[in-house]
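Chain lettering (A, B and C) follows the sequence in which the chains are written, and residue indices restart at 1 in each chain.
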Amino acid sequence: MKSLVRATVVILLVCGLLMYAASVMDQTSGKSGKDVLTIYNWGEYIDTDLIKQFEKETGIHVIYETFDSNEAMMTKIEQGGTSYDISMPSEYTIEQMKERDLLLPIDYKQIPNIKNIDPDFLDLDFDQDNKFSVPYFWGTVGIVYNTAILDGQNFDSWDDLWDPSLKGKVILVDSAREVLGVSLNSMGKSLNSTDSKELKAATDKLIKMAPNVKAIIGDEVTQLMVNGDASVALTWSGQAADMMFENEDLTYNVPNEGSNLWFDNMVIPKTSKNVEGAHKFINFMLDAEVAAQNADYVGYSTPNKAALKLMDPEVVNDERYYPSKEVRDNLHVYKNLGKEKIGEYNELFLKFKMSIR
Amino acid sequence: MRNKRNSPFALIPYYVWIALFVIAPIILVAYYSLLDLNGNFTIANYQNFFTGVYLKMTLSSFWYAFLITLFSLLVSYPAAYLITKTKHKQLWLILIIIPSWINLLLKTYAFIGIFGMSGPINSFLKTIGIPQQQILFTDFSFVFVAVYIFIPFMILPIFNSLDKLNPALIYAARDLGASRLTTFRRVILPLTMNGVKSGIQAVFIPALSLFMITRLIAGNRVITLGTAIEQQFLVTQNWGMGSTIAVFLILFMFIIMLFTGQKEKGATQYGKAK
Amino acid sequence: MEKLSKSSKLYLALVFVILYAPILFLVFYSFNSGGTMTNFKSFTLEHYIAVFEDTRLLTILINTVVVALLSALISTMIGTLGAIGIVSMRNRKLRNTVLSLNNILIVSPDVIIGASFLILFTMVGVKLGFTSVLLAHVAFSIPIVVIMVLPKLQEMSSSLIDAALDLGATRRDILTRVILPYIKPGIFAGFFLALTYSLDDFAVTFFVTGNGFSTLSVEIYSMARAGVSLTVNAISGLVFFVTMLLVLGYYFVTNRSRGASGTGGRK
């Protein structure tokens, strides 16, 4: 009994000490409302030095929290209990959030730096007139492959993924729309298809690819491609950029049939308690120098045309990261297809997954 | 056992816990399982569960959970037994648990590196002249990592029951001429059965709902019920279907509990309190 | 005590090597100047320096440890009392029902637990943050404590308690002097597993946290999209070494003092 009591006391003491240490490090205590800005972002998706710079310039203290998927983030915001001032969802999630009335409109009088954004990335279907969102990063979906292992292939067509020589080599992303999109694109159908017959045909075609599939995974693909463990993978351009940075044998291509163009935009959730601060932050992030530094750190493509002038021309002129207008015209942004269709996509994707073995 | 140990006040927090964090969520899950995407009542989710895909998934979940439990037990029982024989057994036991305090995702990334083509295992194989093997994304790697995760949860309860085993019983059995195997089968194993059962419960049931490593280590070549629930909740946002699978998972758990439940007879046989 | 044979030693050694292999792998690459867990370029301490410059990460680490210790402590108390209550139930059906209810949280996938706790907390009006995370961790750790303590209780001979009662012990005495000392190994096992559950949990914490409160797991998972930085490896390495030092230090200090006082025997 004595040792139980002693252990309890020791644990409580240690906790007390640690909490004291944490409160010394934490400067938020005593601040609230106007002085604090809560940012909800993907992990490692901003240069944290910029947050410090923002804090210094404005005197606003930033609380930074991270999420790992659009859907989980939306659930958190919808349920309430917290007050996020800024978040960075992807475009199809922005549509859903608009539908559920989770966003505040953006007041562009407070964001003069919007002039820095390339007009091509403004006023898109998912958010007309950019009423609720401001572009943060963008990119494409394509194929990354190892030229040292797969000599002579260039993946100009999605159909190349069905090539029998790739048996057990292809890595796909664990995401229904991207994978069904491969098949839809290869058949010349729309990425936003809602025709059940088309979707069924696309799934049947995918199942024929099953012998080629090595695995269906997520972000871990970076490590495998860099290692040379895998030789070809379906992936997002930002991630491909990370891989190519680590391994020079890798290259990235968007097949000619077309593909997906995606955006992550900054939004102000309805739960915000510091709307003014949120606008200040958005304006700060759109500043040319800030955006250039951020793009350099994160490695994704920035929509900020003023920032591009300040960046390494070798990156900016690389068609793999910044495809030309002609290529982009062949790319399509996901539309929100509604819960039922998304459910259908996922059921078909599950069917495909179960066919691999 | 007379009802003397029971002090009602001490139990209040436990009952409050059951009411708030067990019964309330079950009611929520059961309620959601009857809703479709638009929030209308339906039994379509249950009908959907009995279509081919989900039944197939249930079967394969059970098969893998069985394999994982079996191998965990095969590795853990001897290990727990040997640890009870060491000089600093408490220390060794803690050393078994410490690795599980390091974040699982990080360790999984480490496993991806270890199993990789250029990882330590393949370079070892190469030096002894065996060609490179594809280890990642196989049944082997999946079961291996799952067993890795569950070993502490299996060793602990078995260690606890072995540790309490009175060595005099074993000596007595040996003196009476029982072989090592007989001693194990007739004396040690029955006396430690409760520990083994606790271990199986702590491994088999969570193994049914393993999710992350099905993707990271098995590359979605293995899909468990847990993976499906995860997807329904977080990707499809079909909480109804996710809850329906969860209802079945809870049912399976009740059934497993029936099988591994502590039998009254077995316990009293050895003069145990009941 | 019989000596372990060579093959037994080898077997145990193998188990330990496998258990520690991924951790050594992580620590090895925390010294990599290359920035990833592949292709070791050259030795560097930059990731360790980065840990101490990143107060946010350090605060998160402290949060993680405090939540783990407190939740393990509270759940051990509630769970142990619960287990004693379960064993003393005379109605077999009721006992089995309670036991099954107990185990539901172990089987439930984290996402469901997380989502239903989130609904629960927002309904009741608990502010998301430290309190909600602590409550959730206590909640999902209790059943594992019960499972660890139960076998010990069931093995306990009732004659012990009868004897104590005959000697005029009160109910309180029986609990603190007879039952608790006897089931102590089970209690410690429960505590350590509760600690493990708490340190490892991601999904539940993710749902019930908020207002800037975060734990290491949540942070690591959300890094996955852009790649986990080696700073996390470094911080895990540090945690690992400090834990090892504490455990070994504590063990040998208590063992030596016990040896000196001559009591010996089990803890």
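To be clear about the criterion, contacts are C-beta pairs under 8 Å (C-beta built on N, C-alpha and C of every residue); 3 or more make two chains touch, one makes a residue touch a chain.
By chain, UniProt protein names: A = Spermidine/putrescine ABC transporter substrate-binding protein; B, C = ABC transporter permease.
As the structure is a prediction and not an experimental result, all values here were calculated from the model.
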Counting only C-alpha atoms to place each centre, which chain is farthest from chain B (ABC transporter permease)? A
Between A-B and B-C, which chain pair is linked by the larger number of C-beta contacts? B-C
How many angstrom lie between the centres of chain A and chain C (ABC transporter permease), each centre taken as the mean Cα position? 33
Interchain centroid distance [CA atoms averaged], chain A/chain B (ABC transporter permease), Å: 34
Let me have the rounded angstrom distance from the C-alpha centre of chain B (ABC transporter permease) over to the C-alpha centre of chain C (ABC transporter permease), please. 16
If you look at chain A, which of its residues touch at least two other chains? 72, 75, 218, 220, 223, 227
Contacts with two or more other chains occur in chain C (ABC transporter permease) at residues 37-38, 115, 119, 220-221, 224, 228, 267
Considering chain B (ABC transporter permease) alone, which of its residues make contact with at least two other chains? 109, 113, 116, 118, 234
Listed in rising order, the residues of chain B (ABC transporter permease) that touch chain C (ABC transporter permease) in the complex are 1, 3-7, 10-11, 13-14, 17-18, 20-26, 28-29, 75, 78-79, 82-83, 85-88, 90-92, 94-107, 109-111, 113-114, 116, 118, 120, 148, 151-153, 156-157, 159-161, 163-164, 194-195, 198, 201-202, 205-206, 208-209, 211, 225-226, 229-230, 233-234, 239, 242-243, 246, 249-250, 252-254, 257, 261-262, 264, 267, 271-274
Contact residues on chain B (ABC transporter permease) for chain A in the complex? 37-38, 53, 56-57, 109, 112-113, 116-118, 134, 136-137, 215-216, 218-221, 223, 228, 231, 234-238, 241
For the complex, give me every residue of chain A touching chain C (ABC transporter permease). 1, 3-4, 8, 11-12, 14-15, 18-19, 21-22, 25-26, 28, 38, 42-45, 48, 63-68, 72, 75-76, 79-83, 218-220, 222-223, 226-227, 238-239, 242, 246, 298-299
Which chain C (ABC transporter permease) residues qualify as touching chain B (ABC transporter permease) in the complex? 1-2, 4, 8, 11-12, 15-16, 18-23, 25-26, 29, 37-38, 77-79, 81-82, 84-85, 87-90, 92, 96, 98-113, 115-117, 119-120, 138-140, 142, 144, 147-148, 150-152, 154-159, 161, 165, 171, 174-175, 179, 185-186, 189, 192-193, 195-196, 199-200, 202, 216-217, 220-221, 224, 228, 232-233, 236, 239-240, 243-244, 247-248, 251, 255, 267
So in the complex, which bits of chain C (ABC transporter permease) are touching chain A? 36-39, 55-56, 58-59, 62-63, 65-66, 69-70, 73, 115, 118-119, 121-122, 126-128, 132, 176-177, 180-181, 184, 187, 206-207, 209-212, 214, 218-229, 267
